[in-house]
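What follows is subunit A paired twice: with subunit B in the first complex and subunit C in the second.
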Partner chain A sequence: MSKVLEFELIGHVTIGQYLPTGSILHRLDPRAKLLMGLLLIGAVVVSHSLVGLTALLLAVLVGLVLACVPVPFALAGLRPMLPFLMLLALLQVFTIPQHAATATVLWRWSILTMTDRGLLAGILLIGRFSVMVLGLSLFSFSTTTTEFTHGLEHLLRPWQRFGLPAHELALIVNIAIHFLPILAEETERLMKAQASRGADFGRGQRNFIKRARKLLPLLVPLFLVSLQRAEHLIEAMEARCYVGGKGRTHLIHLQMQLSDYVALATALGLAAFAIQLSITHADQVLWHWIFMNR
Partner chain B sequence: MSTTTRKVVIAGVMGAISIFLGVTHLGFIPWLAGAALTIMHVPVIIGAVLEGPLVGLVIGLIFGAFSLLQAAIAPTGPADVWFTNPLVSIVPRLFIGPVAWLSYKALRAINEALSLVIAGIAGTLTNTVLVLGVLGLYHFLPWPLIGTIAITNGLPEAVIAAIITLAVVAAWKRIETGRKSSAV
Partner chain C sequence: MIACTIPLIDVRGLAYTYLRGTPLETQALRSVDLHVYAGETVGIIGPTGSGKSTLLQHLNGLLKPQQGQVYVNGISLSDPHVDIRSIRQRIGLLFQNPEDQLFERYAGDDVAFGPRNLNLPADQVRERVRQVMEMVGLPFAYKDRLTAELSHGERRRLALAGVLALEPQVLVLDEPTAGLDPQGRRELLHILSQWRVKEGRAIVLASHNMEDIVELSTRVYVLVAGQIVLHGSLRDVFSHHDILTQNGLSVPIAMETMLMLRQRGYPVSINVLTAEEATREIKALLYV
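Let's turn to the complex of A and B:
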């Protein structure tokens, strides 16, 4: 059984998992959803505020409910990396600069020292990852890859004036997404072909030179097969008179509705709120207050 | 044959390979102290050599954006925390393609096989130096440690990238590499 699973690669390629529930979030303009996603990522990366992150987490959970996605199903995506996240958080707790003058020591045992700063950093790390993962899954649950590329193209279009090839960029992303399952299939075929000639792709292989040598007979044909596939695609596109984005008209015209503006404004407000809390150090104040008054 | 169609398709397909190597972990080779070697940047180099600096830039952008997403969604090591910052994960990767293309272009007239090897090495070292440089500027890592990582990770990565670039491009363009049989 394990021998069979060794060649299973398609299972890894599940980026765009779409759940067609037809909810209010599914019907939003993909441009609005893309912008909301960018705002979320920006706010999560920039904000160092626990209160702000909690607000973002709540917003994503509300989004999951609005999208009619079962919340336990979405949370299941977090489970496989929980042990790893915990380890990372522990690393953060004990390795954040201990010498900061303002840090309060909460707990000390031989060389391990836990300060309020370190603990905050650890909690923030888990919070940040959870918000990112849930937010991105929410986006993929409610947006098809076609909607995504349409939205991307429409968003980039204003920059066309400055020479940005919006249509081409969207097409590149589209091709990349649609090539993933093809690559998985081809690699499985190549792995089986090499294994039938005696190659062993054991994952536990620690010897670097051996691993690298095993990869070469797989990677080089993979590149060549992909280039061949690309060649076929080019020919097919040209046979259908594809000439690029210039003068191209679209079957689908995106129209921003009132609901899209409302959603976008809400996301903007939340992101601004989270960043604002981070700038004013709102929860450091809160945190210190809690631990000073114990 | 229109050049844009070719550029668009090659950029898309090479971007897909880079993502695929990351998703399936085929692109990571376990190495000393858990710091895996990566070959996810090789599609960027190959795309740049085949179709020019712009295509290399776009594939680099896809590679960078994906490594940001992967660091956020499915971290593989403690270092991934840093890669959720676009300045670490995206910006340095934009330069891989153009540098690889420049070195290929400059040396091509002398010896095509050699220019491919150099392109592979130059592209990889661009990645190593810029990513580690940004990490150093952010004080995530002390400079002496960065130097060590650059040597222990950067050099083997450069060797692997050079071998793959040479094998793939030589086979694709049917360049003589001195072997009697096919280049693969």
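Let's turn to the complex of A and C:
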């Protein structure tokens, strides 16, 4: 399998792709979606409640269904990260609060000790990452980059009076996002071209410096091509009299609808619920009950 | 004349789908058959997005067949034990805009990249670089020039030299003359027809430019939406000019002129591919 995909760089990363299904979520105001995304990330980071995280996970899954995205396709985006997540979770389980006075030891083997607190921390870590990755994928599945940067610019606009260049920042983000797949494609093409001349990119080479040197046939042309593209972009923008954000009007005016407010309120409610649960330790009781009554 | 020998490249029932198993999957090739024999130049024409590049990337094993088979000298590329680097040495592939792939500071080093990857001794590398640079019309002294200082046409030819330095049996080219000026284009076509002369070699040429196809090809395949809709000798294929134009392809300008004359009622032959033939037809019209 890995040999077949030798040169495919972007094909199998699902996060960051847009799926034009035209669902309700696609039609939401990008500002609402951005704020919902921020709320989700905030809640996921702050909350350490299992029930809360499960609720957020369910919400994201419901969102995927609403967006008409096949759930297995979204889950496939998690697969490449699983090994890292597992490793991190293991580290978490065996290193984090083992010595807390309230922790119950579940399992012990020489220097390794697993407590209920450690296990909880490990599960939370995997849960948090999964919710975040799925949430961000959901955002990108349902929002075009143009909508995203538009929304971003609108949200940043109030800060303009404090000197924040909202339009320019949004433009930078927009260009960066647009160039990512182009550069990935370019890299793929260059890898193939150099492989056609017998290059191998340091596979199985242990010496780090030798390995880095083998990447030169890839990196040098990639830099040159990127600079050329940037120059072309500048020329194209200047040819159309681009001067920056000042005095610039927009073709599309964003207008929050009732549905946007409803969606935002739902997200706010969910986030508050998840955070509230972790403050009141509601599910810690549940957790203890599971392990105490074995 | 060359029948009953083993083809250098034999493609059978090749199908390929990008992003297979995702909502974004697109079928690039569906059941393609193609053969390349020693001594011929095979032209592949097709509109943008017809799967030409995907097909070419299968010929030297950059892509593995999902369905069907690709044989090079009778060796299946699907065989997991196949030495893919030796296949890539035998089938030299030059991508579109190949001057983008140059990376060495000095021109000669870039040509030497391939031979060095073959682990040849230094004197042989030097000899090969000299040979191929002269073959593409760059004096050997150019090896010490900065790659960045060469002209566009020179860089294109340098990239070609870099592939020729592998001494491939088959040269596979994707739009080799795209973006060149008329002079650069003529030089490149001349180099390619010179290179082919040596026995046992073959060229596969994918192009939009019908003039290039007419000038180099002996046999032509027409690829539309991942399928071969037409193949045969150069004249056979262009005699079906209606199929070509229906699929958004053009015919050589000489033939187009003849078609227009025909439309206006002049008794000219349609079987005309080059400017010389067109001149003959028009002269015949004028001096009858």
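Following the convention adopted for this analysis, the second predicted complex is superposed on the first by the 237 of 294 C-alpha atoms of A that agree within 3 Å, B and C clash if a C-alpha of one lies under 4 Å from a C-alpha of the other, contacts with A are read in each partner's own complex, and residues count from 1 in each chain.
Keep this in mind: contacts are C-beta pairs under 8 Å (C-beta built on N, C-alpha and C of every residue); 3 or more make two chains touch, one makes a residue touch a chain.
Everything numeric here is computed off the predicted structure, so don't read it as measured data.
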Report task. Spot which of subunit B and subunit C makes contact with more residues of subunit A, would you? Result -> B
Report task. Considering only the touch criterion stated at the top, classify A:Arg197 as touching first (subunit B), second (subunit C), both, or neither. Result -> second
Report task. Please indicate which partner A:Ala166 is in contact with in the superposed arrangement: first for subunit B, second for subunit C, both, or neither. Result -> neither
Report task. Tell me which partner A:Leu19 touches in the superposition: subunit B (first), subunit C (second), both or neither. Result -> second
Query raised in the report: Which partner does A:Leu216 contact after superposing on A: first (subunit B), second (subunit C), both, neither?
Result: both
Report task. In the overlay, answer first, second, both or neither for which of subunit B and subunit C A:Leu180 touches. Result -> first
**Report entry** Touching partner for A:Phe73 - first (subunit B), second (subunit C), both, neither
**Finding:** second
Report task. Please work out whether A:Leu156 is in contact with subunit B alone, subunit C alone, both, or neither, and reply first, second, both or neither. Result -> neither
Report task. Could you look at A:Val65 and tell me whether it touches subunit B, subunit C, both or neither (first, second, both, neither)? Result -> neither
Requested in this report: Using the touch definition from the top, say if A:Arg229 reaches subunit B (first), subunit C (second), both or neither.
Outcome: first
Report summary line: Check: subunit A residues flagged as touching subunit B and also subunit C 12, 216, 218, 220-221, 224
Requested in this report: Can you check the complex and tell me which residues of subunit C touch subunit A?
Outcome: 18-19, 22-24, 57, 60, 62-64, 80, 85, 88-89, 92-95, 98, 100-103, 113-114, 117-118, 162-163, 166
Query raised in the report: Considering the complex alone, what residue numbers of subunit A touch subunit C?
Result: 3-4, 7, 11-12, 14, 17, 19, 69-70, 73, 76, 189-190, 192-200, 216-218, 220-221, 224-225
Report summary line: subunit B partner, complex, touching residues on subunit A are 9, 12-13, 15, 41, 45, 81, 84-85, 87-88, 91-92, 125, 128-129, 132-133, 136, 168-169, 171-177, 179-180, 183-184, 187, 205-206, 208, 211-212, 215-216, 218-224, 226-227, 229-230, 233-234, 237-238, 242-244
Query raised in the report: In their shared complex, at which residues does subunit B touch subunit A?
Result: 1-2, 4-17, 19-20, 23-26, 29-31, 37, 39, 42-43, 46, 58, 62, 69, 72-75, 78, 81, 84-86, 156, 160, 163-164, 167-168, 171-172, 184
